[in-house]
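Consider the two complexes below, in which chain A is the common component and chain B and chain C are the respective partners.
Then we have the complex of A and B:
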């Protein structure tokens, strides 16, 4: 693996002879190492979901946070390096706040996405900083065009997506996403579908136990950012595990169901 | 891969090679070809038009968020080829500069070329920009203008040009067509071509005289050039067309429907 970029990959400000910027490509690889992150634009809103991998049992359940509110009508989920993502969220919050101060209006999600994309891009222009090792999923409600999902990647691109997945399970999830009928999918349906996709993309033997963190910006909660209620998430997760077992033809519940009983259900506050 | 030759002189923008080359700038040119799309622009007598290939990075991306054409000020806009993020960064810079000019001076900048300096940053950016606009210099030229700005910062005006992965092929196609037009127009006027159209020492041949092209002529040439370098037939969804015409003097990116109308109108011409 080593040696592909050899010599041209030590600095963000160096082009390779083929014209590639390897440091930015490596940053994109960093995003692929995290837990699976999914964003879906449904007919009545946007759902953001993260598979939070619990590295140790000593971690307080439900304390891992990778989905954040940016303004009332926008939420961001982080794929990749968490701390890098939190910097982006912090910037997003400043941008949204600043827009409100100047224009007395909510920032349109498309504009926020453009600004964050430029922000990420700037970090690929100077040698004394490194690109962000995270992709952020911006789910928002635009006054004129309704729900929208924008993805800002380490290279600075900010495209609008119908649905997006990144992280360890992205290949399996992207295949599953392509099969969904987006014209009829509601946020409630999406919660179940996503829980199933995440569960199926995991390697039960090798992967660490996980918590599902989900949030939506939907008609259900008045077009504002809200975390999906714990009860919905845990029932979706249990259904997903059952369905997965039925598909696998496995009779015994297995370790993951016990894990589900322990997390996502406890401490519903 | 010719790693051996450059031996360390190609790692930094601030280092010349012993032959006096700036390898990082040359590599930035290669970056323009990486995404695999081409942009073609043609200036007519009363319009400038540009046609860009549109490639969606993923099936689930919404097509209207993928764009290589951007308005910078009312009568001027940019179409870029190369790394889309670098292109967008250039657009942001230009928009800021054009706005600032309007604010400070009270009138719109007559041309975008004065802002070239702002497109040069500490790193060469992997995008070639095509400036399209209606230049309006009081007491000077007023009319459509097309400029190409490459990663080295070289800016020059063109009658017709191409940028991106198949720029050389598209440009050769355009030159061939324009020479044929010139000969037709010349023959109509009963003129003889005094010098050969085959390449002179510089390889560019004799300069073309200004042949009047109508708006549709220009569009046809641009789309034709792009079609000639793409393997599959271009559908309206694969194209972005940007126009500045005399009647409106306004940089305008055509909607999908307008692109379809243009394509069907041009196919009926033949």
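Then we have the complex of A and C:
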């Protein structure tokens, strides 16, 4: 049997002799092909952002979203297969609701992350199910510790991050994230930083046009989940495109102009 | 093998901890609700400073009487509905009228299951909305609301004093007078009350509990057994 897994990749119930579970690794591949997803925990809140790739111009602006509200104080951004992510969001909403019904308090984001990780993990244990083809970024406001960012991956592992990126542009963006000063970074700063990171991580020649989708849970919006105002996103994006042009201006002045013109599908609504 | 004795399922047939009347009036510039802060345990004035108001969102207030635990449950269910709406992010928000209808369906469904929520609820909201729903799901949208024994004691007084152009302040004065009458006559009423105002534009104010005051017991001697017939 030819191929990568050589017979060991047919089910999550089979380990390869090297101790790998190929089906789960393939799920991770699905995440890595997705549009870039970024989460940043700032001093006054947490920002979730997605490079929402548009396969055709016929798509309605702001449709097929990848950032969702789970509860008033929690939001989720999806990297990977959209429907799989939405299933996680749906599960997250019922977990949050359930916690409230039992304890009359909002669910701590850490606990939600834990429960979603267990949920994802279960889907890597049985032959009759496939793992989730998505990684999710959980941004939330914890009553005791403030803004926080958690990640749940297809294998069912969960992490707490200061900043995280996944999807196509992850390598470049992660390098850029490392340079941020998280002790001073505010949400407003993060919005422009993220816009620039996403713009710079793109392959001008190959990548599809994108919409920049952003939401935050921050002091400015009463510690509640809210979409970043469209005007703010548009201006951040314009600045990013300009900055990018200037940085690469000497090298190839022609290509950037095309990028700026071709990808600006964002519309004020 | 043990034998299973089949008995009919018995559900709550009478409320235990109860709130009394809720009053509401629709005015020219908004809506006012008022009720006392008592939750009685039978005839015992058990919990004297509990709120029977709830504000699930900006511009909507609900207040209820009847079984207090059911009322709490009803408030929780309402909150959940609003939270789901928040998560949908479709730009649509539940209007007070929609909530009124929702509560009607909820209470009707529960009574049809023979497991009613033992409450009568008043809904006030922006756009001068005032309505009430009883424990059977009967939904009424009116300019005057009185529940429980208030239907008998307060409603006639409210009808007499209500007129077009009544301001919220005047409306509140009417409700306070009615609550005084209720305090005299209703053995499950308290003189500590709370009021809620929702203006046309949705500005919402729920007061802290305060004492009714200005009570007049001098005429009490006139109320004798003879007079009561």
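Basically, the second predicted complex is superposed on the first by the 246 of 269 C-alpha atoms of A that agree within 3 Å, B and C clash if a C-alpha of one lies under 4 Å from a C-alpha of the other, contacts with A are read in each partner's own complex, and residues count from 1 in each chain.
Note that contacts are C-beta pairs under 8 Å (C-beta built on N, C-alpha and C of every residue); 3 or more make two chains touch, one makes a residue touch a chain.
Note that the structure is a prediction, hence the values are computed from the model and not measured.
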Where does A:163 make contact in the superposed view: on chain B (first), on chain C (second), on both, or on neither? first
See if chain A has more residues touched by chain B or by chain C, and give me that chain. B
Is A:177 touching the first partner chain B, the second partner chain C, both, or neither of them? first
Once the shared chain is lined up, is A:17 touching chain B (first), chain C (second), both, or neither of them? first
Quick check for you: in the superposed arrangement, does A:246 touch first (chain B), second (chain C), both or neither? neither
Return first, second, both or neither, reflecting whether A:55 touches chain B, chain C, both chains, or no partner chain. neither
Which partner chains sit in contact with A:68 here, chain B, chain C, both or neither? Use first/second/both/neither. second
Quick check for you: in the superposed arrangement, does A:117 touch first (chain B), second (chain C), both or neither? first
So which bits of chain A does chain B touch that chain C touches too? none
Chain A-touching residues of chain B, taken from the complex the two chains share: 1-3, 6, 10-13, 23-24, 27-34, 57-62, 64-66, 83-86, 88-89, 92, 121-126
Hey, which residues of chain C end up touching chain A in the complex? 76, 80, 83-84, 86-87, 89
Chain C partner contacts - residues on chain A that touch it in the complex: 68-72, 93, 97, 100-101, 104, 225, 227
Give every residue of chain A touching chain B within the complex, in rising order. 7-8, 10-11, 13-21, 114, 117-118, 121-122, 124-126, 150, 155-164, 174, 177-178
